[in-house]
Amino acid sequence: MAEVTSLSEAVAALVDDGDSVALEGFTHLIPFAAGHELLRQGRRELELIRMTPDLLYDQMIGVGSARKLVFSYGGNPGVGSLHRFRDVIENHWPHEIEIEEHSHAGMANRYAAGASNMPCAVMRGYVGTDLVAHTRVAGITCPFTGEQLVAVPALNPDVSIIHAQEADRDGNVQLWGIPGVQKEAVLAASRSLVTVERIVDELEPKPGGVIIPGWVISYVAEAPGGSRPSYSLGITERDNDFYRFWDKLSRDRDEFTAWMREHVLDREAVGS
Amino acid sequence: MSVEAQSREVTAAETQTVAAARRLRDAQTVFIGVGRPSTAAILARMVHNPDLVLVYESGTIGAKPFHIPLSIGDGELAETADAIVSVTEMFNYWIGAGRIDVAFLGAAQIDRYANLNTTVIGDYAQPKTRLPGAGGAPEIASSCGEVIVIAPHSPRTFVEHLDFRTTVGHGEGNGTRGRCGFTGKGPTAVITDLGTLEPDPDTKELTLVQLHLGVDVDEVQEKTGWRLKVADQIRHTEPPNERELEALRELQSR
Amino acid sequence: MAEVTSLSEAVAALVDDGDSVALEGFTHLIPFAAGHELLRQGRRELELIRMTPDLLYDQMIGVGSARKLVFSYGGNPGVGSLHRFRDVIENHWPHEIEIEEHSHAGMANRYAAGASNMPCAVMRGYVGTDLVAHTRVAGITCPFTGEQLVAVPALNPDVSIIHAQEADRDGNVQLWGIPGVQKEAVLAASRSLVTVERIVDELEPKPGGVIIPGWVISYVAEAPGGSRPSYSLGITERDNDFYRFWDKLSRDRDEFTAWMREHVLDREAVGS
Amino acid sequence: MSVEAQSREVTAAETQTVAAARRLRDAQTVFIGVGRPSTAAILARMVHNPDLVLVYESGTIGAKPFHIPLSIGDGELAETADAIVSVTEMFNYWIGAGRIDVAFLGAAQIDRYANLNTTVIGDYAQPKTRLPGAGGAPEIASSCGEVIVIAPHSPRTFVEHLDFRTTVGHGEGNGTRGRCGFTGKGPTAVITDLGTLEPDPDTKELTLVQLHLGVDVDEVQEKTGWRLKVADQIRHTEPPNERELEALRELQSR
């Protein structure tokens, strides 16, 4: 059964320097509060895994918490570049990091393989692209048709962290709206944390609701508004203006650093 | 709107968006990212094809957004979708299985065989410009029924050699897709702010087949980084009609 | 878009003698009405595919409509044997049929591969069992770890038929409760039919609701009670007594034949 | 109930069911089919382990049935489940991934290494008796934390040689599971109406370790189709206590 605790206690108990950590949420339900708490606790040398790094990993990379980045689309959705993501790759600021990139299909299948405790997933893709020379993908032949397919290695993070709308007091979680790869990320990880908008006495199944039983989750922590500036469908709205604002602010290293100190590093943990 | 519509000149962007929307007249399903493709698809539902099913890689199938979404995962897409699936299911059961008729893709670089680069400008290890990366594009381009590329026409975008091949269009020309085992037709059109290019039926080399109003072949050639193939009978893009223009401007004003 | 029509018209338009046909529904939502209509229309030489043949395929095999049976568990759930299933294999009555059997995990992954338009699925299983010598499974090696895994061939029926609670007038379908492999079966097939308890003006998303868009379905037909003696959660209840009754009745060939004539073959199609 | 409970003699079936239920005292999750295993698991939730999570292959996780279900897909299982998943997800993300602590399995034939046959009696091509087949058993037995086999004790069931190996228990003895790459421990107990057998720690050969009330070793040997290994210190099954018996009889009377 998941232990229901505070965000700061959960992060302290779960994540060590050097861990591979997946904070998932596909545009929707991005666990910003948990990521910010990781930064406040000074975690370093992390292998950060996310299909879409989004603003959260732009921030985490920019403050120097990452040793490696595993991703499939590093843009500011609908706005443009992620400037900290670009700066670390183009100019190694604040330091050099390793990158491993895949296609969305590859990452999604890697999570599914991880959730199934399989060593790899078999799919069609990558063929004919320059990605093949720069990432972990291998040919594999269908024993029935002889068709040449590709295999991608399973993704099994040390820790997966997601955000959801609700949990009950036993740590059973319900999320609804765009589910992304969050269930797969939790099931693929050795340890996991789910932050939620609210803790309720009893989960009431919702249309489109995805239930993750508490017994496959390590920790659940209440973090109201914990997905902002992303959103939690039905509870908060995506702050599109902030995504545009970030495009301007994050271009400048000093402005970025000052903003992060004022709005993240020197702040208290949500829900603590 | 009508008066206002008349009162303003049609922009190249509007012509490009309308030209893209018209391509969806007979499609059942379209796969779209954000930006101009999304605008074109929503416009097509308003004007050309009210039953068109919009599919976004966030997992929303049959979304009916009233506003142009900023992200592919905006709440309105989830709230108006017929069905929402996980990203894993989207790529395996829907995109990979070849259920989508038309996919709109953009690119930072495109070559004469409509191969696309969205990864880096310059060297991969030491890029001049790091771009977002592949996203869903490689598998979308290999599996969807056909691909329509929407891109601004400039020598920076239309290049002789890609710095990185993120997504295969027609590879080295006719035959490549077959050898790769791709199920979809690949790029059938590249729609820019100057005109429309289509792959030559035999060689698959992009060929200028349509010019938007007020554009001539020389200008397109100037803004293309290779010696451009031009169709013998070049057509002119039918300008956006009043209904299309009003709908587009009304949509953008929402 | 799915064509909404009558059950008899849909079956007549969809299924030819010799087709491979999957009527799915895992204990819940078994499409009995559609299967019975297949029999009334005299379809023969069918390759019948179902994870759990259940009473429906016991009936279809018993009247001689099958050329081949593909399955993973041929029992009367909680009751015992399927006597027609046993009789055709043990005594070739009413005639000899070919069988291909898998494990549940194998069948489920075969449907998933079919729904993904992949030639095969990779999994762990079958290893060390006598099934390997009697079914279609092949070894395949993980290119990253070297682990020996198994591949099973994709399942792509000519026709898949399922039963659901609701459809709207455009043929969009919603089912809830135990979803089994029905979505996979529909997506894996060349053609498909969904029978529904009721047709509604607008689908109202339900907790646990699985939506199948009308544009991936060939036909939708209203068939109230069409899953009896199985059930449609929230609308009909599983007739456990009938499952027990069938155990007695179906032991005797003549009683079986008489019952089928009276209750199925000489009846009118549901909803027609 | 109490008086009634006293007034009736404890049946072998009751002892067997209670013995199985007790094995779930420390389990977090149990995977069960229908029949006696289901009864034992529901009894365990009533008496020994109220937090026990019941998982059925129909996709119901955390079902809390009030009645003993006839099928693994009864409506009550869906209505009371914490979560319901597709059969594909059940076998890939839950069973195959090794998330289930204990699985109850039955069999028509079992051999000295707890390998199971649920496929045919006689020859595969011309069977004397055609059994249902594999169902979920092969992958359940390879991936779940441990397997407890529940079977009636008779020479027809406990055979020297299986007619068909549907499910691997301990194969040819110690080491087989490792060679097969199985993640779970395999069978840790076989509970019958006469007693309990456990695999020898070194050889994995089934060994009689417990006798139910009123049963002696000779009777068990008589009903076992091979020369049975017997533990040096054989224990007697603690008879069902009043609480267990009342709960079981009340459950069966629902």
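Per-chain numbering from 1; labels A, B, C and D assigned in written order.
Throughout what follows, a residue touches a chain if its C-beta (ideal position, glycine included) is under 8 Å from a C-beta of that chain, and two chains touch if they have at least 3 such contacts.
Everything quoted here is computed from the prediction, not taken from an experiment.
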A-B or A-D - the one linked by more C-beta pairs in contact: A-B
Euclidean distance of C-alpha centroids - chain A vs chain C, Å: 39
CA centroid of chain B to CA centroid of chain D, Å: 58
Averaged-CA centre spacing for the pair chain B and chain A, given as whole angstrom: 29
Per-residue overlap in chain B, given as positions that touch at least 2 other chains: 92, 96
Multi-chain contact sites of chain C, meaning residues that touch two or more partners: 112, 118, 123-124, 147, 183-184, 208
Full enumeration of touching chain pairs: A-B, A-C, A-D, B-C, C-D
Sites on chain A touched by chain D in the complex: 1, 112, 115-118, 172, 183-184, 187, 211-213, 215-216
Contact set on chain B toward chain A in their complex: 34-35, 57-60, 69-75, 77-79, 84-88, 90-92, 95-96, 119, 124, 127-139, 142-143, 164-168, 171, 176, 180-182
Touching residues on chain C, where the partner in the complex is chain A: 118-124, 136, 138-140, 142-145, 147, 149, 151, 153, 205-209
Residues of chain A that touch chain B when the two form their complex: 26-28, 51, 71-75, 77-79, 81-82, 85-86, 89-90, 101-105, 108-109, 111-112, 123-131, 134, 147-148, 177-181, 183-184, 208, 231, 233, 237-238, 240, 243
Touching residues on chain B, where the partner in the complex is chain C: 28-29, 51, 53, 61-62, 82-83, 92-93, 96-99, 183
